[in-house]
């Protein structure tokens, strides 16, 4: 069974990748997950300098999902290149670097610094994280800003450029179309959904960051609808994610129009989720009577 | 050190240790070789696993214990497990307590469900320590006091007990007896686990002399250092930085930590 | 224990109401739910003439929630006044009529027709239903349109006017503030979240309406965040909803800033949910050491 | 008619009726007085209840049966229930079959898990009907054929059986034998339940003469008529309109319905 897929110029051995922020910088799950088996991994968001993130508590369980307010803590692109990239270069999988910034300039700083480095297969522009007030979010909130930051980054690099969308907008298709026009090579969708919880004992917001990002199976319907809508708005490939934990979930995303998927929250409870899905995928495809992943991509779209 | 794995272990016994407190003993040779202060991430229904410290580690019998208080749906589900059931466990995780220095007086200070990892430490190392060994156990009230008998079976002199309401032992917190102990053993080593305010007070008390290792709790996602959920503020070479309880801890030296 | 609350001029015996679209026009749950015990009920959305709604399947279960694409099927305001209002007048509870339209004019038509009728305690302007393409949704998507329809309806009636928000926007607080300025008496939040599911066996969208509205516990974090944000943007009261099924959920919404709540999806699985919550509320408040619901409203807001 | 209520009923027996088909008998005097064709909404884990028709109704013993195929998580959970367990049930719901006319030939046509409600109808009314009574049962294959023995115990002449693969009975669908029956009993009454395409074909066949009552399925939310989830297109006085399977059905006269 042919599991290989392409996301633009990036060829993946299979469509299952680890989602940014849930798989650290690669080595954390060593011994628990065989990275070489994965289609790829997206590392935690990287900014120009170190970002501190939010005060704890940073996670809170909710029905069918969880909230996080990590706040994009990361050591900055210098430390990333020095301490994390060497390990990532040794992994036999695709490495996607998630890029964050407070300003267009900061996005470009990160991307430019990465130009000198080998071992990076794609950049994922995170214009959608709800945990950061000074900009990150707002770039993902209207087509014009999204296009601005994408255009600027596009000018700094020839690397495959994926733009990761926020679901917290009325029309994600319009944003996808805007970034496609200025040179995005793929769309990642979705980032977490803004939410919050109240700690009734303390009578306060449960998270240190007050609001946070909802992820996990609870958001799968939201993610599928974004993918389905974006697939009808652009012709570049889509990397789908949001609540995936089974091979059936993956097939839903493929049929909605995704060329590949990422698994995030599910890895926390079951580190073996991604490998189990890769294991089960051939048999599942056979039962659907298709001979490649490719045949399912967009199968549920209108006119198909 | 044992590297973490996901595995299923059989529950060989289940005990009610106090009101709302249950201890499960797992047949788990790998876990039984863990370091006291390390913990496991237990699969319960819902999105995330639940971190629980080892309450006992018996490498000879190949058994590891988990003692927990029922505080929500995860621990309620765990409390419903029975002898013969299997638990899905990720572990052992984190950095445990260091081996105590043999010739320093040793005091184990536990509050509530902070007591179990100290019991694991006591049984692991009591024979290594030639200096005096003391324990101070605190609880909300008599009903909630756990493991006094377990400690009593290991330590031959009286164990200090405190309760918030004075229903058993002295009324007050573990801080009273600890201050007393510290005054008598100014260079002693303290291993403590319990609620954050208690640990902060222990750290303050030990600032002047001696050494204290504290086992912390923080809400966790992955449990393996990947998600950056479980951070606490610590002193770094270039100023304060977040450290991960799951990976850099849960045990920290008191002076590493910054208390807000 | 004092359970009574006020939503503007409307006094409720307790803060627990039935959410629009999940409780029909009142009589459907007779014998299963004692309507007289409830704080109030919001009836299914009413339009000027009959609306057919979407083709089935119209519901689909998801993790922690469900999707619906009912599509606002209703018999129109005439039939509503003739066949449903007489029963509603006999109920000893507050009756909130949910109003829908494709144009501003249609909203006004419904509201004007209702002016002649007694037995209505408040109007709930549904500018947020995702299941209708020709307008309903778009009114809820930006502050200006929301204000336009609210202003127009405000001019037609002196009845308490609640405006029900869509969560499918980047800034619900701005929309709430806009409708407050033109005379809304309260905010209802939230309506369902846009989502979809794929029926992998059929390789098609699962719902007849293709996309639908996500409701149930899965969306509670999204709803709480909207309530918390709106509470800081307006000074009119908020009726909170989204995934409520326990007394603890209700208290979370109260602390986030809601003065009352509605229960929707939970009633399907457990018709007794609302009465159970009302039963348990006094004991729960006592354990929190408060003597009225009022003390908890907004307790988790900044500066409280 | 019994008005619906939410109640817990004990499972007095559990039977495997075929591959992936389980029947649970509930001790439920209230439900046992329901009308064949009515259904219950059963609580399973998850957001929504699951609609299941009565497979038998024994008002004398106060027992009601539910026979279902395992197709997803809800029915898998139900299949895991055991004798002595309790089920949380909302019902009885909907409009069942009308009492058959005594002097019209009666034919019960069931496909797959559409068979059970017809068995309930048969046992309720067979003594009222003086004309001939026939049954036609269809299934994917022998492994999936249910209740043939139950029908056999009530009807003393051969029961027509069809399977898609011919592994038992005639190869094909119930339509073949039904057309045959209809030719011999042009004014007969047909009660049918099964997949939508089958029901549509039954309706078409019966357009010329006779009368057919069809028990429909549709995805449901509330089960009591409040949410408008479960609609099917029907003929109304002023053109087509949606009717609710849960409240106006699940049994409809064939000519009421509009097939797309």
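Every chain is named by a letter (A, B, C and D) in the order it is written, and numbering of its residues begins at 1.
Basically, a residue touches a chain if its C-beta (ideal position, glycine included) is under 8 Å from a C-beta of that chain, and two chains touch if they have at least 3 such contacts.
Remember, it's a predicted structure, so these values are computed and weren't measured experimentally.
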Could you tell me which chains are in contact with chain B and with chain D alike?
none
Chain A and chain D: spacing of chain centres that average the CA atoms, whole Å:
47
Dist(centroid_CA(chain A), centroid_CA(chain C)) in Å evaluates to 33
Go ahead and note the Å separation of the Cα centroids belonging to chain C and chain D.
36
I need the residues of chain A touching at least two other chains; which ones are they?
62, 64-65, 216-217
What parts of chain B, by residue number, touch at least two of the other chains?
none
Quick one: label the inter-chain contact graph as line, ring, star, complete or other.
line
Which pairs of chains touch one another in this structure?
A-B, A-C, C-D
Seen from chain A, its contact residues with chain C in the complex are 62-65, 67, 141, 168-170, 193-198, 200, 203-205, 211-212, 214, 216-222, 224-225, 228-229, 243, 248, 251-252, 255-256, 288, 296, 299-300
Residue ranges of chain D in contact with chain C within the complex
3-6, 43, 46-49, 90, 218-232, 242, 247
Spell out the part of chain A that touches chain B in their complex, as residue ranges.
21-24, 28-29, 31-32, 44, 52-53, 56-62, 64-66, 68, 70, 73, 216-217, 265, 267-272
